[in-house]
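Below is one structure, written out as structure tokens, with a few remarks after it.
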Amino acid sequence: MNVLEFQDISVIYQNGKTAVHNVSFTVPEHSIVAVVGESGSGKSTLIRAAMGLLSTGGSVSQGRILFEGENLLGFSKEQIRSIRGSEMAMIFQDAGDYLNPRRKIGPQYIETIRCHIQVSKKEAGQIALDMLSRLKLADPERIMRSYPFQLSGGMRQRAAIAMAMSMHPKLLLADEPTSALDVTVQAQVVQEMLKLREDMGTAIVIVTHNMGVASRMADYIAVMKNGYLREFGARDQVINAPRDEYTQQMLMAVPELEDEQIVKIR
Amino acid sequence: MSKSDNLLRLEHVSKNFDLKGRGEVNAVRDVSLTVKSGEIVGIVGESGCGKSTLARLITCIEPVTCGQIFFDVREISSFRGKELRAYRKQVQMIFQDPSNVFSPRMKIGTFLMEPWRNFEHTSRPEAMRLAVEALKNVNLDEDYLKKYPHQLSGGELQRISIARAVALHPKLLICDEATSALDVSTQSQIINLLKDNHKKSEYSILMISHDLALAENFCDRIAVMYLGSIVEILPGRGLRKNARHPYTKALLDSVFSVHGDPEKKIRILTGEPPSPVNVPAGCAFCGRCPYGDSKCERETPQLKNIDFQHQVACHKEELPR
Amino acid sequence: MGQASEEKGAVIHRYKEWKRHGRKALLKPAMTKKGKWLRFIIFAILALAVLFIAFLGPVLAPYDPLATDYGASLSPPSPEHWFGTDNVGRDVLSRILYGAGNSFSLTFIMVAAVSVIGTLIGMVSGYFGGILDTIIMRFTDILLAFPDTVFAIAVVGMIGPGLLNTILALSLVWWTKYARLTRGLASVMRSKDFIIQAKFGGVKTPGILFRYILPNVLPQVVVTMTLDIGGMMLSLAGLSFLGLASQPPTPEWGYMLYEGKSYLQTAPWIMLFAGLAIFITVLVFNLLGDSLRDILDPKEE
Amino acid sequence: GTQGTENTAVSEESSAEENGSEAADAGDTGEKHVNVAFFWITPTLDPAVDYQGWVTCRLGVGEALVKLNDDLEVEGCVADSWENIDDTTWEFHIRDGITFSNGTPVTAEAAKASLERAIEMNDRAAEYLKVDMIEADDQTLTITTTEPNAALLNNLVEPVFCIIDTTQSEESIETAPIGTGPYVISSFSPEQTVELVKNDTYWDGEPGLDTITVTQIADADARTMALQSGEVDITNTIDNTSVTLFTNNSDYNVSSIISPRVNVAYMNNAQSSPLHDIELRKAISYGVNREAYAELIGGSVAHSAYSDATPFGNDTITAYTYDPEQAVEILDAAGYVDVDGDGYRELPDGSGMNLRYLQAADHGSADSAILATAVQSDLKEIGIQVEIFSVENLTEYQTEGNFDFYTGNDNSAPTGDPQIWLETMYTDLGTSGKSNLTGFQNDRIDEIIEEMDTAFDPEERYALAAEASQILNDEAANLFLTNSYLNMVSVAKVKNAIQPVADFYFITKDITVE
Amino acid sequence: MIQYIAKRLVQLIAVLFGVTFLTFMITQAAPSDAAQMQYISMGTIPSEELLEQTREEMGLNDPVLVQYGRWLWNVLHGDLGTSTKFSESVLTQMSRKLPMTIELAAVSGVIMVLIAFPLGILSAVKKNKWIDYLIRFLSFFGISMPNFWLGLLLMYVFAVRLGWFHVVSTNDIAGIVLPVATLTIPMVCTYVRQIRAAVLEELNSNYVVGARSRGISERRIIFGHVLPNALLPIVTLIGLSVGHLLGGAAIIETLFSWQGIGNMVVEAIRVRDYPLIQGYVIWMAVIYVMVNLLVDIMYRLLDPQIRLRKKVD
């Protein structure tokens, strides 16, 4: 069964720009789909459309987005709100930016949990702490007591993942979750996300610039350019036998360490 | 050591930023490095490790806190006014984000003519002609002269920056993450452009990047920085093979390869770089280093030659490769 | 002083702007570019019309604004005197038309002088920073803390009333606003890559100030200037109303209000029309400035 | 005060239909109350300080030994009779049975103490009386002067000489001096309000009201509007144009008289000013249309330094009439011609002439500005250029002598006597010539003043004053423009609110409500 | 925190010195000195010798710095001199006028907040709906109106014609409504736009998107996140404008015969009452100091980024 399915989606912004053209692809259960493509190609637009969080003036002009078989676009505001965060969650490039800078992580976390299940603050706090420790974050209590800016980028990103995962959503949408991070930290986050899928079976759609990350994480890769989906396929096929010319070009352009290049030539 | 041999020499250069009562940022700590004429030297390291600061020190945008920088045997910290301008004519810089480099309200033409007009006092028409030529050099036509920066793409802007930077035949070109804001395909075009250009004219390049693979592809030598200091300088080729410092290795391990084996286990480095504010003595990497011991905590390791063109700052030189 | 006071200074500055003009709605309705231009053009035409009237006032005025006619004093609006006459029988319409010229030229001179001085000081202070910058900014901080008119009144009080002194007093407070604005922009720009790049292009300091920084602060300065025309006009009118600025019998709107105040009931037309003249002009320029900001403010993009 | 608030509440309810002239009703208590607006209430009420006595006097709290009636003649008050024993000795008899409002009898001793206190504390008081010695014997008060001072009787009406109970502490004199008037201060907030209650032991019959609230409203327009809005029941000195709102309106009573105040455009007779030339001054005097001004701001045409309200000699004086041709003739003859063709005449030596006219607002009244504008406009007609400077601190400019004209709205007979005024404004004699800012000098005027010192007969004094007036006119000393009106306006309920000619009076025992 | 306040206080005292010195110097530059003013207030022209003698007595011939020192010494002892106009101590004058100004400032401040907040928030939340357009349109009117003109019109309509309120200041409702209205109408108009902008700025920030993505309800987002955050700039500004109000709304106070400090200073200026003007300026400086301190403290309390920066590094 598919968790998410884009059916012929087009998104248009108020200034008349069509940012996404007739995109269709599916996200099967427990799978990781990486969306790659150059900047401005509509990657963020696409996954934000699924969340119903298009920035001002954007709207889906055509197509359907099926979440577990139901058309999200037909949902009422309240309906979509109730599945956000619980059924499908999202993380962003700079997690700190997407948390209220003037409130501690703890209250925001608890608030999120209590938006979806009827529990006391204390219980919610416990859930939060559990989740944080599950993601192997050192000193979860301190994280709960910290303001976003008091944590390093990596910590924040992982805390954000924890927050997103605490309702055990079926789908996690990640918009460039590692781009703002250092390579060493990026590796940590990538590993974490892979573990999530293993442990909880969450399907993940990850938007990234980094072909290396896409290649390492994804089961399927979607390549976008100028709002069009150029290629969608299983990871091995896209990486090793790209059909689309643009994909080929792009893969050629990615610099690789010497020893890896040998693999490529082979 | 002849004059032409060492174009740029940094000796124990440090830079602290005063945070006004909240301590000091040790952005660059005791860095020594040489760049030979015609050589391409890469500087890699994570965000915030002091790469850009180093570039700003070399270009006299910020004064050094201590240490000396020699350019063609002359110490640059004393440069003022005319001398400074003459120096900057020889040392050009290309910035990370091309959209920040252009004054939003200045036409490309004016921007391009600037070096000739100011350094050579060329007449306007002549400067214009030279500008067109410079544009051709980076595969752009003269229509661009009349455009405004916001009408162009990042790649085009970066080409124009390069065109201007190499216009007056500098001796040293500093590229501060010159391609990291661009898409991969644009990135490779720019890199190729730089490569071609470098072949034609004999300047040195100091290439700052956080992309190890890119650096390996492009540089003769690579300096790896961690928390403001250089931990290893090694030849550009065969990074994985040569790397000795645990940090360099960890960096290499963190790189995800497109064509690598997806099932390969990710070896991760725990923790994150400490804050550069008031860095304690000892090996800066010690806290995250799997081999760190009490000596590492106490003593700051110095760069030592261990091979041709290969220096490492680590107490554990004998560690397995 | 740390960032707290820097930020606070910025907030206070914004507040001042708001208080003077109150049009700093940072986010406008997401209007299309065309809509913005249309709005701007409409207000520009209106503003031009006001200016047109101001400078053609002497031609358009049916009477000599100074000619008294004791017999016809305080006569209500009529076909001969559209806006009625004042306490010594002068034609109110003619006085308003002539007054437009006076009110405008004063306001313009002031806005121009103040913006040039303020912008220069702000640019230099922001670009070079250092102790000079600190002093200038502390100074403006203090000036910002005083209510504008009251400060001007106090200065007028010390150096004596009169139009020139009033202008001086208002300018004394007002330049700080431009200085703050441009200083803020310049000090941010100072470390911008394009300024550094200019140095690599061999541009000398004056070149950087005038060819790189100035063009980039100019749009904001122009917007502020447009908005200031209204604010300045109100301040001037306020001081005139307290009898501290204009001298009789010069037709000037604020002063006409001052004169007309005693006839609020017996000859309301004097105040009504003078007040309306100020109100409409200020409104038009406020709207113009607002729409200009929409077009020029890069934040909108 | 609570009283005021109550009334307000009443007027608020009824105002919709009746515009709140109910205020005097004071609800159910049956108490007779009015709200009065003064244009000025002092920081303290001590009559001996500065001009504060004027306020004490206007409040109906303080009374002097003698007072002025509406013909500006002296009448008895605290003293019921007096005698001029010789050139330097005056004997007053203090009314029998008169008491201060606190019940203490007013003896000659008490009056003496009060006068001496005033003389000690106030230079003006000393100047007015030139006292050598005061003696008190039972109800008889004898004043001896150092030199003949024929103006003494008149000068004693000055409110600085209000007889107050000096046995009070200095603090209570400041906030609530005890006088002999019809009303007593019950509370005082400086520069804002005074609450008055009636003096039950008043010597001259029962005062017409139980309580009064007096509020300071400095601005004439505000006073007008406050009257209309029902906040106050009585006020005075409102602009002439505003008075038209109340005349022919049965809701209000208007009491209007010609005041002793004269609107003057003083001219600088000193060498430093072009107006030093009498021909120029004459031409200017012919060039101003006083009749029109009188119409414009309300009042009568002024003939001289002394208002029509004073008993000294206006009808005998030949004054200037509006005659622009004559003015032009004089100017042409004296060599003031327009050489450069700009429409304005130059000085005989050919240099430009632009006369500085200093104009200052007087108690918030617009009259001085109107007059300045009118004079400017009229003089333009005969080719004389005048530039008006609105100044607030007139005195500062006057002292510098940096003016050609300045405005004045002056009471030339503050105590009903002509001498003081002439002495201060037109001579440099002795110490008293303090305010002769225009540099006027005339030997005959100096003589007249000396004669006045010993002219004890009022008729003689009046004749001297008239002569002086004529000289001032002949010399074209200043532009005496109009005599102002004084108005007192009250709501219909209020009876007997009459504007007295001497404007240091206001609240009288006669004012009452129906 | 206490240490911080102490530090700020020291800085602010320096400001106080600066301001007082400046005023003192400006007064020195005035055309007539204190000796002249003394005579002028008596309406007399002193001779040169007399003037010189008085100057000597008053110490006006001492070096300026000595005079400033003496003056400051007196000020520190609560002696601000004697008002030339009212021949009364400046301190008494001011202590009489201040309560009035404070009353007006407090009432206006509260009313302004009560009106401006709901309107501003409404306008932001209903961005680009007709109510937003209406509010913004009206606010332009309020801002462009000369406030004394507005005051006079209000006075005429509501006091003279309708008789609802008083023309002249009194301490009851009827007396305070009009000045407060005249003061608050333009202020409300500016604040509505400001609050709208601040709320919109917050609404457009990423954390709102973040909160939405976590399924938090719109109401909670607005009242739990956006408003508290928007409060920081707004509260600061309101603090400041209360500071301004405390400086006395000169024109309004004059117009409504409100016996406050603004009215006083206008009068003082009219008659060149330098000691009174100086007293006023000192009061303003004190307000500046207080408001600044309050604003800074508020910043520290409300913005954890600033409060905790030290610990972060």
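A, B, C, D and E label the chains in the order they appear, each numbered from 1.
Simple rule for what comes next: contacts are C-beta pairs under 8 Å (C-beta built on N, C-alpha and C of every residue); 3 or more make two chains touch, one makes a residue touch a chain.
In this text, all values refer to a predicted model and were calculated from it rather than measured experimentally.
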Problem set entry | Mutual neighbours - chains that touch chain A and chain C alike | B, E
Problem set entry | Winner on C-beta contact pairs when C-D is weighed against D-E | D-E
Seminar exercise, completed: For the pair chain B and chain D, the C-alpha centroid-to-centroid distance in angstrom is 88
For this session: Please work out the Cα centroid separation of chain B and chain C, and write it as a whole number of Å.
Result: 49
Exercise. Cα centroid separation between chain A and chain E, in whole Å?
Worked result: 51
Exercise. So, what's the distance in Å between the C-alpha centres of chain E and chain C?
Worked result: 21
Seminar exercise, completed: The positions of chain C in contact with two or more other chains are 2, 30, 160, 244, 261, 264-265
Problem set entry | Of all residues in chain E, the ones touching two or more other chains | 31, 156, 160, 204, 254, 269-270, 272, 303, 309
For this session: List, in ascending order, every residue of chain D touching at least 2 other chains.
Result: 225, 228, 392-393
Exercise. So in the complex, which bits of chain E are touching chain D?
Worked result: 31-32, 36, 39-45, 86-88, 92-93, 96, 155-156, 159-160, 162-168, 170, 172, 174, 254, 256-257, 259, 269-272
Seminar exercise, completed: In the complex, the residues of chain B that touch chain A are 46-47, 183-188, 191, 210-214, 216-217, 237-241, 250-260, 262, 266, 268-270, 272-273
Exercise. Inside the complex, what are the residues of chain C that reach chain B?
Worked result: 2, 192-194, 196-204, 207, 211-212, 215-216, 298
For this session: Spell out the residues on chain A that touch chain B in their complex, using ranges where they run on.
Result: 38-39, 152-155, 182-188, 190-191, 194, 209-213, 215-216, 235, 239-240, 249-260, 263-264
Problem set entry | Residue ranges of chain C in contact with chain E within the complex | 1-5, 7-8, 11-12, 14-15, 18-19, 21-27, 29-30, 138, 141-142, 145-147, 149-150, 153-160, 230, 234, 237-238, 241-242, 244, 254, 257, 261, 264-265, 268, 271, 275, 278-279, 282-283, 286-287, 290
